[in-house]
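Each of the next two complexes has subunit A plus one more chain, namely subunit B in the first and subunit C in the second.
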Partner chain A sequence: MSIFPTLTPENKPIVIASVFILAILAVGTAYTLSTQGTAPLLSPNYLLQQLQTGSFLGIAAAGMMMVILLGHIDLSIPWTLTAAAMMATTVGGDLAIPTGIAVGAAIGLFNGLGVAYLRIPSMIFTLGVDSVVRGLMVAHTGGFAPQTAATPIMRFLAAEKILGIPVAIFVWLAVSIVIAVILRRTGFGRSIYATGNREGAAYLSGIRTKAVVVGAFVTSGICAGVAGVLLAGYSAKAYQGMGDAFLLPAIAAVVLGGTRILGGQGRYIGTVVGVILIVLLNSVLSIMQMPEAGRQVIYGTVIISMLLVYGRTAKITS
Partner chain B sequence: MNSLLSQFATNVRQNRGFYGALLMLIVLFVVYNFMHPRGFSTPVLVQNANEAVVLGFIAMAQTIPVLIGGLDLSVGAVMTLTACIASELVNGSPAHMIFGMVVTIMSGAAFGFANGIIIVYGRLQPIIATLATGAIAIGLALFIRPKPGGDVDGDLNWAVTNSLFDFAETYHIFDDGKAAWFQPIAWIPVPLIILFGMAAIVWVPFRRSLTGRTVYAIGSAEGAAYMSGLPINRAKIAAFTLAGFFAGCGGLYLAIQTSSGSADIVQAGSYTLNSIAAVVIGGTSLLGGIGGAVGSLIGALILRVISFYFRILSIDPLLQTLVQGLVLLIAVSLGAIRTLRVKNRLELFR
Partner chain C sequence: MAQDMTQDMTQDQAFLELTGISKNFSLTRALDEVDFSCKRGSVHAILGENGAGKSTLIKIMSGVLQADSGTMSVEGKPVHFLTPSEAAASGIVCIFQELSLIPDLSVAENISLSNPPRRFGLIDKKHQNVIANELLARIKCEDVDPNSLVRDLSLSRRQMVEIAKSLGKKPKVLILDEATSALTSRDVETVYGLLDELKNDNVTSLFISHRMHEVERLCDTLSVFRNGRHVETFGKGERTDRDIVRLMIGRDVDAHFPPKPERKAKKPHLIVNDLRWENVINGVHLEVGKGEIIGLGGLDGQGQKELLLAMFGVLRGLEGTITIDGKLANPSSPAEAKSKKMRIALVPEDRKTEGLMLPMSIADNLIASSFNQVTTGFLIDTAKEKAVVAEGLAKLQIKIGSVDDPVATLSGGNQQKVVIAKWLMTDPEIILLNDPTRGIDVGTKQEIYKLMNELAAEGKAILFYSTDYAELIGCCNRVAVMYDGAIVAELEGDAITEEALVAASLNIDTNKGEAA
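This part shows the complex of A and B:
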């Protein structure tokens, strides 16, 4: 505690996570220098390539953060992402990207209505929606990867480069700016924090909390949709289970970035730092040719130990 | 007599979720057997029971952390880990097998204990802490069993996945299962006995103990429980240890049933998610303090019976996933809707 006396509870996790990112880079570079005599981790090209693959996770995590700030959670990310990708490639042409985003928004709206108006716990409702969407997509594709391919503009957004920088990073940046502005500068964003802190108080002070919840879930759905469209562009097509690898890292990134899992506290920049932390951790482990077993153990240990440093909750004594 | 009836009525009113789930299970299962082309028979019951056991254990495991208002996202991973351990240890001489089974279940409990320690003394949110320890459990499972496989005693597999008669015949007890007194119960599937037996000898005494009562108190109002001098830390650690214990039982049975172990991440995830669904269907509140492991057991059975219907109804295989998803969504939603029961709007906000 006393090491960072001037930091607010919101900023401390961000600083610690950033320090940890530097530590990962240092350890990884030390490893490559000692084994191969090169330092690929520090080359801009390598870092940009890692950020490019990280941008899909980053966009999904941005949406997840909106929901977690409310104290809810969106477990439907995997199949929202997959459905958006599949429908986008199915429709194709100019309408591909709007279709993907619309699919994400529609699923998010459904989630929001269930959580806000029926007041079903989000954990269980989004879980159910995830399996319904999965069923829809299995019925739509026959359980195989759809034959349709991503449109050129999807490929451009996900896999091309401008001035040597992958376009996907620009998309992530754009989404980040939108989310950050929403959270800091708009009434909707402030209402999210208020509702996440204490919904009853927010309701009594005139915030339409139901609309806020619906709005956050729609944002999360849209973000998952954008991530899905991009991922389909990156791999040239959509496929079954493409979103499965995003759910837990997205939650982990949001929480490592200092957003309180019970809602009401957290800065968007923290989520970005959390995403970079997870992406770099993964890439350093794969450079070390760590087997999957070791990666999982290290991954879990890192999350636990970082949370032990700054994620501790107050003791309930009354 | 009258007072007994009214006591029962009170019990039903206070455990609406549980009795609703029980009724739903009975209706679903009876209708299923009427619709089954061959009607009710022991082989069908045995097969059904076998498919329900693992989820039943995982659902019971999930219940106890949910009762304290937490969530254990590592139950599926712990099940996978213990199944991998069992696939290494449960074979050879009888003494060796028993040792293997004890080690398997105890390692599940030990993992749960570690979860509890981290959550209580590290003061972390259970959901995020177990998310991370779940990754560790999968990693350990991959260390033990990088490729699916393993060797579990064949006799044991046959004995515990069939009816009591086959169990007796395999181990040559009760005149190879032909003793006269044994006949009326010979048809009961062993998996059901294991499942309900574990619930009876572990969960019921726990629920009545001080620690068990404290688990409920924490879920209702942690602050009040603390002020009443209840052993909060002990109850929380016990809750996660017991979750690990039941997950270990599930892993052991999975290994015996499939005669192998496999560090399957997808399977671990789907068991964890289904366990949450089973807990909710069984009448346990995700906010904590209300419900019980037996209800979750019923919830798990309901989830499984629903999937049995797909075999006897001619639903387009492509639509099965969708129907399954819809049924899951509707079932969990019905169990969880609070809006309809709330009298004051402010009560909606936790």
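This part shows the complex of A and C:
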């Protein structure tokens, strides 16, 4: 599977985003060369570190992509992630990681049932669920960071290295392979595209569209759970609001990777590219000692202008 | 100024006149050099089969569509309407078949929607209610509260509000497109009274209805349309029902149909018994045997589409039974309908929104109903998938560049073939076809007829709804004609004539049994 085949509507954003990543590295390197005379951005250590940072976001974005492909959205990711991390450290021991994943799956299941069967718009329903989970977690911890700590295996997965490569990158890789295979090679994955393109036609093709919606939200919940477990391992503990920084970047990464926000179109590799773009952009801006205000403005401007460029493709209206 | 002129005009002069009006939709000619006129104070019926051009005609009159050529004049002055509001300003108001009310606004707001009464620049709610009350009283709907939301009204009451709304525009020509179809009998009487009243006020009514008894009771002039042409206009009582049916059909049926499949006298494979759904399907009984092609006829919107959807498990709240091969089926979803247990396929009405995911590739569309067939273990076997897709394309001889092209790039005929191929890949026993040849070219039509025959010969049970009578005559062993949600006639063999079909569609009795 080549990353840059002919430029179909779903590949064009991926190519543009990839070129932009190189541009960020070039600009950053030019800056460091002129100010310090070195090029730290091109060192393997720096790049691996960025990928490690990106793996938490990447795993959350992978689940988010499944939901966005349906034309839905999952705004409960921040507290699904936090709840999974908190419950994993609370339970501890060998059951810590399964607990975290189960918490994510349960919240995802609840989201999916609400969206598919109660027909509540996902933007509203998942926002409500996010708030409810936050309340439950505050009740659980009394509003403070829990005193419990991540288990050694969580720390290993998030913070250790094998052969100089952070283990978290392998976890991201594993999640990526699973998601990419689901999307390309299973009836469930294909049904996600069909349902996202036109739910009515998918339904009349005999696709169980409600089950597809539930499945996508469960996958998103599981991914958020895995990201939460991993992030708790990285920080050695769970804490309030640890997921807050992930929601908008996850959505941005999926959309920058070329997934149509209205659903039905997008390749998984694009989401990976989108995650790398966002992580690098943040990092390079801080290396360039851009003040916070300027960073926010540039960050937002980049997202908007890239989407404008993507929009200039011939569209097939349905 | 216009009013000064009308006073000079005599009763007999045409109020609205159309000359040489033509309208094309891509390749089909909807209206062909139509001349039409109607007088002041006349109740004028427009009759014709599906696709005769009636709807296009009134859309042009009321400014919804613009004619490609020809001229239109009101009171002798040429007019050219670009929007419905321009037409309304000239006094031409249309009550459309599809309701145009906004469900979340109140009755009064809907009635005054296009021109609300204002006070200091703001909408005057009190005055708005007064206007609504007056208009509602005129059509004897005093029981409707102007402040209630349209969504809370019954379908019949909504239709009456629609009529009140159009009266509020003070029409000189009121066009009623099937405006009585959703009304209860009490409201129908009110509308009859209203039309009489309008006639006395010298308002012209153009009345489109498929109910012959209404036309006979109300109208003084009748115009018949066929294939986009205005055939004849005559006064009430100048023609018999049979003549009118003949005029509507014409005599230019010339499509080539393959010989019909031989009907095997077997027990029916599919039995629908006393099926009912929300006043749209009213007690349908139907039997389809293996190897049979059964036609569903009748005018648009008599419950045929809903019947097919019901049999495919789409509709909730069905009463009655659907039996397949002696076993109670009543599918609860399309997924269940296509399962091994029932093996039902439906080629839906609108291929662009119901049949296909247009931006997706041809291959993705073809495989959309058959994932389970190409999945081994958890994963799709891509080699098998390619083979199945290629087989489907070959079976229907679909000409394409690449299977990865978006299906939207195909012609209408080839798109429809993709929909049919998708379903044949599921190996169905029962095939439901909802007007599969609508809007596709003649060559592809022939191929679809041939395919239906082959499928019947293989022992499939086929239920075929078509709005084209010639197709029903050419393809079907038996035709069930629907009217008002029920089957009113079943024609078989040589009894399937266009005359009999049209008569049954209108639910009128002509002398039956005469050789055509």
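Here, the second predicted complex is superposed on the first by the 304 of 318 C-alpha atoms of A that agree within 3 Å, B and C clash if a C-alpha of one lies under 4 Å from a C-alpha of the other, contacts with A are read in each partner's own complex, and residues count from 1 in each chain.
Methods note: contacts are C-beta pairs under 8 Å (C-beta built on N, C-alpha and C of every residue); 3 or more make two chains touch, one makes a residue touch a chain.
Bear in mind that the values here come from a model prediction, so they are computed numbers and not experimental data.
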First (subunit B), second (subunit C), both or neither touched by A:T301: first
Subunit B versus subunit C as contact partner of A:Y117, first or second or both or neither: first
First (subunit B), second (subunit C), both or neither touched by A:G128: first
Residues of subunit A touched, compared between subunit B and subunit C (which is higher): B
Contacts of A:R190 with subunit B and subunit C, given as first, second, both or neither: second
Which of subunit B and subunit C A:V103 touches, first, second, both or neither: neither
Which of subunit B and subunit C A:Y203 touches, first, second, both or neither: both
Contacts of A:V255 with subunit B and subunit C, given as first, second, both or neither: first
Shared subunit A surface residues [contacts with subunit B and with subunit C]: 198, 200, 203-204, 316-318
Residue numbers on subunit B that touch subunit A, as the complex places them: 71, 118, 122-125, 127-129, 131-143, 146, 222-223, 226-227, 263, 266, 269, 273, 276-277, 280, 286-287, 318-326, 328-330, 332-333, 336-339, 346, 348-350
Contact set on subunit C toward subunit A in their complex: 312, 314, 333-335, 337-338, 346, 348, 352-360, 364, 367-369, 371-372, 375, 378-380, 382, 406, 408, 422, 426
Contact set on subunit A toward subunit B in their complex: 75, 114, 117-121, 123-125, 127-136, 138-139, 142-143, 198-200, 203-204, 209, 244, 248, 251-252, 255, 261-262, 291-301, 303-304, 307-308, 311-318
Footprint of subunit C on subunit A - complex, ascending: 181, 185-187, 190-191, 193-194, 197-198, 200-208, 264-265, 316-318
